[in-house]
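One chain, chain A, links the two complexes that follow: it is found with chain B in the first and with chain C in the second.
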Partner chain A sequence: MSMELKMAWRNIWRNPRRTGLTISAVAFASLILVFMLSFQFGCYETMINTSVKISTGHLQVQAKGYLEDKKMRQVIRDPDQVATRLDTVKGIDAYTFRANGFALVSSDQRTYGVVVTGIDPLGEAHVSTIQSLVRTGRYLTANDAYAALIGAPLAKNLKVDINDEVTLLGQGRDGSIAAAVLTIKGIFDSGMDAMDRNVIMMDLQGFQDIFSMGKTVHEIIIIADALGDVSRVQQDIRDQLSGKREDTDLAVLDWMDILPGLLQGIQMDLVSGIIMYIILIIVVAFSIFNTFLMAIFERTREFGVMMAIGTRPSRMATLVMIESVCMTLVGIVAGIIIGSLLTLYFQQHGIYIAGTEDILKQYGIPDRLYPRLSLISASAGPLVVFLITFVSSVFPALKIRKLNPVEAMNHV
Partner chain B sequence: MLVRLAWRNIWRNPRRTLVILLAVIIGVWSMIFLGAILRGMEAEMLRNAMSNLTGSLQIHHRAYRDDPVVENSMADRDKLDRVLGISLGQGAHWTRRVRVMAVASNARHSGGVTLVGIEPEKEARISFIGSAMTAGRYLESGDKNQILVGRAFLATFNTKIGHKLILMSQDIHKEMASKAFRIVGVFSAESEAVEKQFVFVPLSQAAGMLKMGESISEISILLPDLDMTGTQETHMALKLTAAIADDTYCVETWQQLLPMMKAYLEMSGFFLYVWYGVVFVAMGFGIVNTTLMAIFERMREFGLMKALGMRPLQVVKGVVAEAFFLLVLGISVGNILGFLSVAAIARNGIDLSVLAAGAQMWGIPRKLYPEIWVQDLVVAGLVVLVLGVLVSVYPAVKAARFTPTQAMMKN
Partner chain C sequence: MAMVEIKDIKKTYHQGNVTVEALRGIDLTVDTGAFVALAGPSGSGKTTLLNIMGGLDLPDSGIVIVDNNEFSRMTQADLAALRLHKIGFVFQAYNLIPVLSAIENVEYVMLLQGVPATERHDRATAILDDVGLEGKYNRRPAELSGGQQQRVAVARAIVSGPAIVLADEPTANLDSKTGEGLLLMMKKMNKEKQVTFIFSTHDSMVIDYARRLVTIKDGRIVNDETK
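== the complex of A and B ==
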């Protein structure tokens, strides 16, 4: 075998130009795949983390059924007890409580139906980015029971500004009427239309008073240390909560449950990406197939001589296969190295694509995108390139077996 | 003479020619195929977005889009009727709407919705609602307190056909107006958000409840052809603006109404051409390599030609002419293959319903019919032809550099 390996290696470099071009083709395909996959994964992670930080959190604890129905009475009865359990779970960065209700909000001139969310100002600041999204006025403080944060377009529609008052009218948890006057302290702009137009935030304790919630809440929002830890943390929380009778009606949901659209959007983008990559790989495979085939034609005479001196056709086929594997490997390694360096560069500096700001803003993403190199993104594409080029080199190699030494030697 | 020589040279070794041709064909086919899928997706997304109560163009009160309330409505119904009757061409449809934020409530639930007052027959020709009924019936012209709601709405409000629903909103005098409706029909839409957001009632009932009289919130116009570049809409908008000649009314095209869609279409078109470039580079390596090898195989021949007095430039021209023929041939066959494969899948479309929720969020259609754009064909063909000829210059120069002695010594 080592003899074949040596022969193959020398054969490759007998024609450096051809080898160089073949290797370049493989390297180019690998490079593109490494970069594009890293880019896609980077975008996904940014999208997930921004969506998660603006509203939903990586994980949520809710009453069972609340996700589907969003009924006021589906509450977590004893949030503090759940919190003590959460404190024992490793990998949780922060958590906070929230409660939601529907209400009519009126200013002097206008009335709109909105979602009122009760937040714990201190806890919320660790979990979501809402504090930094307040563009005018200020964020809530600990004793702001009847203060509110409002989205910029909603403020415009209601024709209200900082320190104006709005009236809330809704239904409490027990069916009673919930009414209050809130003072607007801050106006936020998350870029996500649904949130900016439909949500008013206020202090959780004030919310609990107005909506007769007692000590109960609707959601516990949890941020994990890293996106990769989410499923483990979810399992740990489930383990912590199971077995306690009062907790069996609680559900531990991850961002994929809460935002199924985001997950499927990512899957869809991945699928369309994969279609494009497959097409690229097919084109490259044909490039390489052609080169191999031509190389075999060109070396017909040489094979004829080798056969005449007693080399078995199978051995020559093996030799040719080893040559192609060597070339592909060199190309792939070069592609992975260059692709990774390129990716790492943009991972540091970000990529700015003109004209995409508006689209990115909808997902709350800043105008630069950062690819993210990972073991999978660096190896998956090149591995497929390797397999496909290997397969495409089999057919030319098989051609050798059909050669007749006498005819082959006469070949020019 | 050069051309004839090149053409004959190509067919002297059909096997070699076929190998190079195959690379070009596959490359061109992949570009056309990918382009067709992408364009099909874009067209379907745009159609969906338009049918989602947008249309090709809309007319509003100038302040309505910023502040969509009943005060900002259009009073001069006769004038608009007259202008639209004259200005719109054959095949265009238009309808009036009252559109306002409202609160819907029943015994179990209450929530914010968009109340849309429609003219049932005209609306059906323009937006999705006409063909979206899954249960019950559509609105009819004589209807009074009938209302259509979405499928997802039924679940949220825990209600069903025949039950009552109270709608509340501010009327034109800033007073709270409310009216009871009875659910007669249920519609389904591309996304659950739409099903929860919109409720439809007869135009006259909405106007009556809000004390709007003859005023309306918007006019939606659907032009007969889909123009992804928005040119015909822009022309029509200018024409209508001139005809109305009143700056309290504002005519806007889908490009202004759906800026995200416009940005997305531009970006995906740009990205497609970038990908054409990437595919070409992948293909280019193969073309250069095989052409180079062919040149080296024919070294003797080139040496002989030069010995016979052919000048280097003529050799370059000859080789480039061969590459040109090969590329043109490959592009043609690639186009034919592209057309055939697109036609094959266009008959049934590609089903994307597996990814339904993602499709909703990203506004991507559930079913996809590929579409071939002449523009894409031209770009793909030009990219391959121009760049292909350029890269073949390298082997051609190599061939021109062979000296007669060196070349004829070989073998």
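== the complex of A and C ==
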């Protein structure tokens, strides 16, 4: 061990109680940051997976421009051919087809404008949680060509219930009139207001017949094996689809493209969390700052002697910085270890928030929330603690450079 | 050959509204290998003069030359380098680095000089043996007596091979027997290694050992006698 490192380490422990408290503050801040960031990331993953499984999927293949315009004419002409290519991409858990149209839906008493979504009941069950969100009645089967699922608020507004009939009136892909009578077989409640108030789901084949879609669809909804695989899978799909002339008008979108609101919500939550973390870190930084200011004040005479025997002020400032780094590192390592162990425990067992299970279950969210420990969540917070505490020790270190040896040696 | 040349130096301190004229025009030349005592009552300016000779403080006016280095032409960094390589200090309160053992305190100066680790260790061991601290290399200052600490301080002052050692009342905190042992040791080094020693003191024993006595009073040299 070099002499400077030895001196720094021994200097740190000259006042064990003060050092212990400072290290504890750094460790506590690091622990909190590791756990809370992991918890936030875990919650975000749950939110994203829940949202994408209710409606959008992790990825979608669409006709270019369809996301912005939702025009019926912008279709995937040969979805089976795209499906063949998707089958070669690794990391895809499931996919299904959907088609969307706008229509007026009427009950005996009321009429509303809605989005009609054609789904493949079997495929959809692997991709989305819609089957589990049906609160009343039942989910669609392969034989339900003219049956429908309807959102609970929309059913209430239309004053319809299970086995009631509603009339659809819209425009088909070719400009013809799309009209049909659908029987309500299930009422769902996803918790997403826009979906529950505005969407009617029906069998894809029935939809294609009514809206003159032929074999075309508007969206291929894809679920990746894991959220972390989405970017790679997206690129792989793009690679598969690129270069094929018939596919050049297709876009491969991820959940962030499709649900920008969710991303913004997560970003806002993260920013508010970061503000809280910065406040925590600043409090710790003041603790470090105070420790070193006191240490320098107490050791002024010693610094004077060191200058007298030929030590350059920059070398003494470096010594103090080494002390700061050593003290902070001990706290950070302790905080990361304890924080990671705590996070791993709750990652296994989950965090149960009493009284919320019914609400969470209603929206397809598990009743236990699981933090997700990652390299980023374990290191980002402690790294910021390290940087800020390092900066906070610079000022006391700089004070040393201004010491006059005679005045310092006369310091009591 | 002159190790120290001081020409008409003046130094004034301001303590609140009070102005203290610590040195009022000092001229002094000390030859290489001298063993000089600066005597005088408290507040006479001995320590100020010693600090100025050591480059720890600068005079308001006058010229200071140590080992052919004129201080007025030197930066703080140059003065620090001069102190490291040419000047050894021994203080009244020992002033060892408390977190370092005896041998580490001695080695520290050589570390600053860039001496390799093995050589540092060998030289530190040898000098601690010379000052009578065999077997006490690894003791921290708090585990040593006052006399032993001052011996470590002397070892630290001379291990770097300085041209001059400035000792500010080195025996003030020691009993007479320990103080005499220390003086004998420094006298031996002065004789054997031709290191120049300048003491500030009002200890009669130190004055007796000195070959030259410079008496200062109220910031002026009032007597300069060679024995």
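Some points to look at:
We take it that the second predicted complex is superposed on the first by the 354 of 412 C-alpha atoms of A that agree within 3 Å, B and C clash if a C-alpha of one lies under 4 Å from a C-alpha of the other, contacts with A are read in each partner's own complex, and residues count from 1 in each chain.
In the analysis below, a contact is a pair of C-beta atoms (placed from the backbone, for glycine too) under 8 Å apart; a residue touches a chain by one contact, two chains touch by 3 or more.
Treat the numbers as computed from the prediction; the structure is a model and nothing was measured.
By the document's definition of touching, of the two partners only chain B reaches A:263; chain C does not.
Between chain B and chain C, more residues of chain A are touched by B. By the document's definition of touching, of the two partners only chain C reaches A:14; chain B does not.
In the superposed model, A:111 lies in contact with chain B only, and not with chain C. In the superposed model, A:24 lies in contact with chain B only, and not with chain C. Shared-chain residue A:171: touches chain B; no touch with chain C. In the superposition on chain A, contact is made by A:156 with chain B only, not with chain C. Against chain A, the residues of chain C that register as touching in their complex are 51, 54, 56-57, 77, 80-81, 83-85, 88-89, 91, 95, 97-100, 104, 107-109, 111-113, 156, 160.
Against chain C, the residues of chain A that register as touching in their complex are 3, 6-7, 10-11, 14, 301-302, 305-312, 315, 404-406, 409. Those residues of chain A lying in contact with chain B across their complex are 17-18, 21-22, 24-25, 28-29, 32, 69-71, 102, 104, 109-114, 156-157, 171, 198, 260-269, 271, 275-276, 279-280, 282-284, 286-288, 290-291, 293-295, 297-298, 353, 355-356, 358-359, 362, 412. Only residues 15-16, 19-20, 22-23, 26-27, 30, 33-34, 37, 66-69, 101-103, 109-113, 156, 168-170, 174, 176, 259-260, 263-264, 266-267, 270, 275, 278-279, 281-283, 285-290, 292-294, 296-297, 352, 355-362, 364, 411 of chain B touch chain A when the two sit together in their complex.
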